[in-house]
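Structure incoming, see below.
Naming follows writing order (A, B, C and D), and every chain is counted from residue 1.
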Amino acid sequence: MKKLINAVDDVVREQLEGMASAHSDLLKVHFDPNYVYRADAPVAGKVAIISGGGSGHEPMHGGFVGMGMLHAACPGEVFTSPTPDQMYEAAKAVDSGAGVLFIVKNYTGDVLNFETAAELAFADGIRVQNILIDDDVAVKDSLYTAGRRGVGTTVLVEKIVGAAAEAGYSLDACADLCRRVNQYGRSMGMALTSCTVPAAGKPTFELGDAEMEIGIGIHGEPGQKRMPMSTADEIAEMMALEILDDPAYSRTVREWDNDAGSWVDKFLVDEPFQAGDQVIAFVNSMGGTPVSELYAIYRKLAQVCADKGVTIVRNLIGPYITSLEMQGCSITLLKADAEILKLWDAPVNTPGLRWGI
Amino acid sequence: MSVTRDQIVQWLENLAAVLSENKEYLTQLDSAIGDADHGINMTRGFNKVMEKLPGVADKDIGNILKTTGMTLISSVGGASGPLYGTFFMRSGMAVGAKETLNREDLYELLKAGVDGIVQRGRPVLADKTMYDAWAPALEALRSALDAGMETLPALSQAVAAAETGMKNTIPLQARKGRASYLGERSIGHQDPGATSSYLMLKSLLDTLQPA
Amino acid sequence: MKKLINAVDDVVREQLEGMASAHSDLLKVHFDPNYVYRADAPVAGKVAIISGGGSGHEPMHGGFVGMGMLHAACPGEVFTSPTPDQMYEAAKAVDSGAGVLFIVKNYTGDVLNFETAAELAFADGIRVQNILIDDDVAVKDSLYTAGRRGVGTTVLVEKIVGAAAEAGYSLDACADLCRRVNQYGRSMGMALTSCTVPAAGKPTFELGDAEMEIGIGIHGEPGQKRMPMSTADEIAEMMALEILDDPAYSRTVREWDNDAGSWVDKFLVDEPFQAGDQVIAFVNSMGGTPVSELYAIYRKLAQVCADKGVTIVRNLIGPYITSLEMQGCSITLLKADAEILKLWDAPVNTPGLRWGI
Amino acid sequence: MSVTRDQIVQWLENLAAVLSENKEYLTQLDSAIGDADHGINMTRGFNKVMEKLPGVADKDIGNILKTTGMTLISSVGGASGPLYGTFFMRSGMAVGAKETLNREDLYELLKAGVDGIVQRGRPVLADKTMYDAWAPALEALRSALDAGMETLPALSQAVAAAETGMKNTIPLQARKGRASYLGERSIGHQDPGATSSYLMLKSLLDTLQPA
């Protein structure tokens, strides 16, 4: 294992220290429990958006803390969900009284820890919403699995809902928007190489010199299927079609009811894409793939979308939700209506994403 | 026989030792169908519990168990953190200020803990989770107590049922947690959480049983 | 070789096609000869800033085309300097009459091709300036070598001089600024892994599992020395000290004289850093190293700078001047005066760098 | 003997073939002290020249050489592109509208080309560049012509000198181009540019020499 790290046990803390020292104008880092939060938090009158998850996906989530995006991010150990005390303390630190929205990627660990945190925060008098992101079309059904994983759409959701909070949306409006944006987004990922969790010291899985792994998540877990290595065009087309041809997806999610003070089940159905849709296209590097190669993927993706009558109206290309140094990419398409586009275009100022300011 | 506060403390200490001995084993099980951290997670959590325990070892059993639960919740992470954390929180709430437990109290302790797991994780039988060890164990314990058995033999039956439940996870296809993403590839491997749950119950029995 | 590419011969063209399709609001791509240029070029009354070099360093240079930075970029084949017809045609396309500044990284190939281009453009009546970037402290002397290579400072120069052009600086003022900023900047790079040029199909050099290469340039060439793998702290400190303790550096460069219509030699001396200096700190990924690891480097870099009495007033952290998928990093420190800081902070809107707009 | 336009065309064709045969070899030399592309660069350039050549093969020699130079400049890139491009541009300017060349013309052609290389790249002797092949070759040619030798034997001497010059680059430490960054590590390897320059001169001789 060759990495720019010191002792394995210090990796997350020292990276957070680096972030704190580099971006003191935008954010602060609280240690023990660990969370990254806006330098100007709590922001008066605004709903606080909090996300979090295992480390190793940088810039997500800590790099998205700042004006117009997240108010706080809770980083776990590498590829390990954070613990409820992190989210609970972060919520107390950034809640302005307008409530807190937790954006939670759908992994059992994340879900359970965020749920526990939501209960703790609510018990403390903070109004909470807990919305799951589950956009990975590599997971086909929700009946026999823990449901689709939260992947690329997370980045887009955090930007869009962050802008909504900045614009003064209420907690419930933020939650409704968050749920809707998640339902509009679908993603698919692939890996050319594995990656090495520092604490493990060796690659999570082995991949032959002429193989690739299709349908991976973001935790270095093996994916849906292993295939012989192929061209950028074939890879882009395969992933794009998995997304564009994905049928309706339904599942039951658990959300918090502030009035009842308890969890409620919601049955949700994501409609498939159709000709005429406008989308935000996001081509993401898994960390080790340089942006140049992403352009080859985007090139073909744009052609496939055009063939399907789907219009790309915005795009994001680069390493935004990564799996350490893994080589590979993911594609996310997000159906965008006028409200979503307006929020996408709104100013954002974070270490990882910045425009309009 | 009634279970004392000191025995509960002893149980937690033994459990910490057992989990630490089985760290590699649990992690290895998790590497087959998960993300290779279950042993690491559990050890990290119970090491923290060992740090906290001296501070509450003279409090009531409810307090001890709730502290254990809070500590696990804030140090384990992953799926097992909130699940085991909730287990101890709920079991602590169930026994309350008691300083000794009779056999029904012990059942209530475990039952409340398992109910917590179910509420949090919503497992059903044969999902290939820790619940597959707990459900038959609780059932066996209930039957044994209903049949008038003493604490130790009843608990023995529960441990045996947990072991069978744990082994029965091997042929199952996972439907909850990380392992569920593997689909059929999850078949043929023993669930790490069911294994740590079995170890938990087993070390309770070992603690109470005169050597 | 596993990469997201199609046929080896199409790599650069298809990546450019992807860029063109992704960023049509900001830039256009001309093929045969290949150059990327601002969608709104020529910009009336403004000096045009043109850079270029081998491909494989993305986002540099094509990703820096846009408002407030480059007017055009000329990409060669991977790690191969572009040819003069590219720069010549680009110059004609973006010159508004205010003249063209070529920013040239000091590699013999780049230097000679840009010089040829400058002669061609001048012969066509375009006023030109040709300024070299030579900031790599891994190259110790200029007497027995082709001189220091142009590395990380290039990115900072392009931003700063691009802002100057946008602000209406004259051609000569842009050239003077460009020369000065280059003289204020020093860089040092290192690699954890090699990289593979698509046409070559195998890694440029071999590096053992426990080795790292110090003092590499950006072309996958072996560096100054090979060392046993070390910690982030040691690596950051070693590189930071090479930069901060680097003595005065002198060399003769060739610049274009528009009045004489010929090349003139200039003798330049870069002064060493000293306590009290304010700097822009740039921690760069060589492509395959994720941003998380860069924060570990930045953390230590900030400490070393503080120890030396050097104040980091701005920073840039991420993959901006890369060597394909190489793992490793580089550090650039640039002494920044008030003028430079103002220009650094000025709005920029390119695919690779954006703020203030 | 005088050199005809057709022979010049033939030379360029032969040279393209020779470079293509030596593509791997030149690239390999460049991989030792450079970036492993010299053979690729030269082949790419001369393939383009081959495309352009039919369109100018009936023009004067100056035109043919200048077209070759422009084509190399716009297709080779790297250090060698502008250097060899300038070589042919300048040699073309030197011979101008001629359609045959006597031995002094041939010298002028080569001399002007090498002067172009020097102006562009500023090599001095023993920098370990292509100039280390050209400089002794030109000198040998001049002496041979001064001694009254005919074109072919004189050119033979030049080729021999170029070969020696090329080999003499092996023990040198590079002071120009990419190889200079290797410092002492550049010692012990033959310069790729000197090698392609030798091949250039050698294939001129082979073209003029009846088989």
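The rule is short, and it goes like this: a contact is a pair of C-beta atoms (placed from the backbone, for glycine too) under 8 Å apart; a residue touches a chain by one contact, two chains touch by 3 or more.
None of these values were measured; they are calculated from a predicted model.
Shared contact partners of chain C and chain D, listed by label: none present. Work out the mean CA point of chain B and of chain D, and you get 80 Å between them. Between the CA-based centres of chain A and chain B the separation comes to 32 Å, rounded to the whole angstrom.
Chain B and chain C, compared by their mean Cα positions, are separated by 58 Å. The residues of chain A never reach two or more other chains; the list is empty. The touch graph of the protein chains shown is a line. Within the complex formed with chain B, the chain A residues making contact are 33, 76-77, 79-85, 107-109, 112-113, 115-116, 139, 144-146, 149, 199-200, 204, 217, 219-222. Of all the residues in chain A, the ones that touch chain C in their complex are 2-7, 11, 14-19, 21-22, 55-56, 58-59, 63, 192-193, 209-210, 212, 229, 231-233, 235, 287-299, 302, 315, 317, 319, 322, 324-325, 327, 329, 349, 351-352, 354-357. Contacts from chain D toward chain C in the complex involve residues 34-37, 40-41, 73-83, 85-86, 120-121, 173, 175-178, 180-183, 185.
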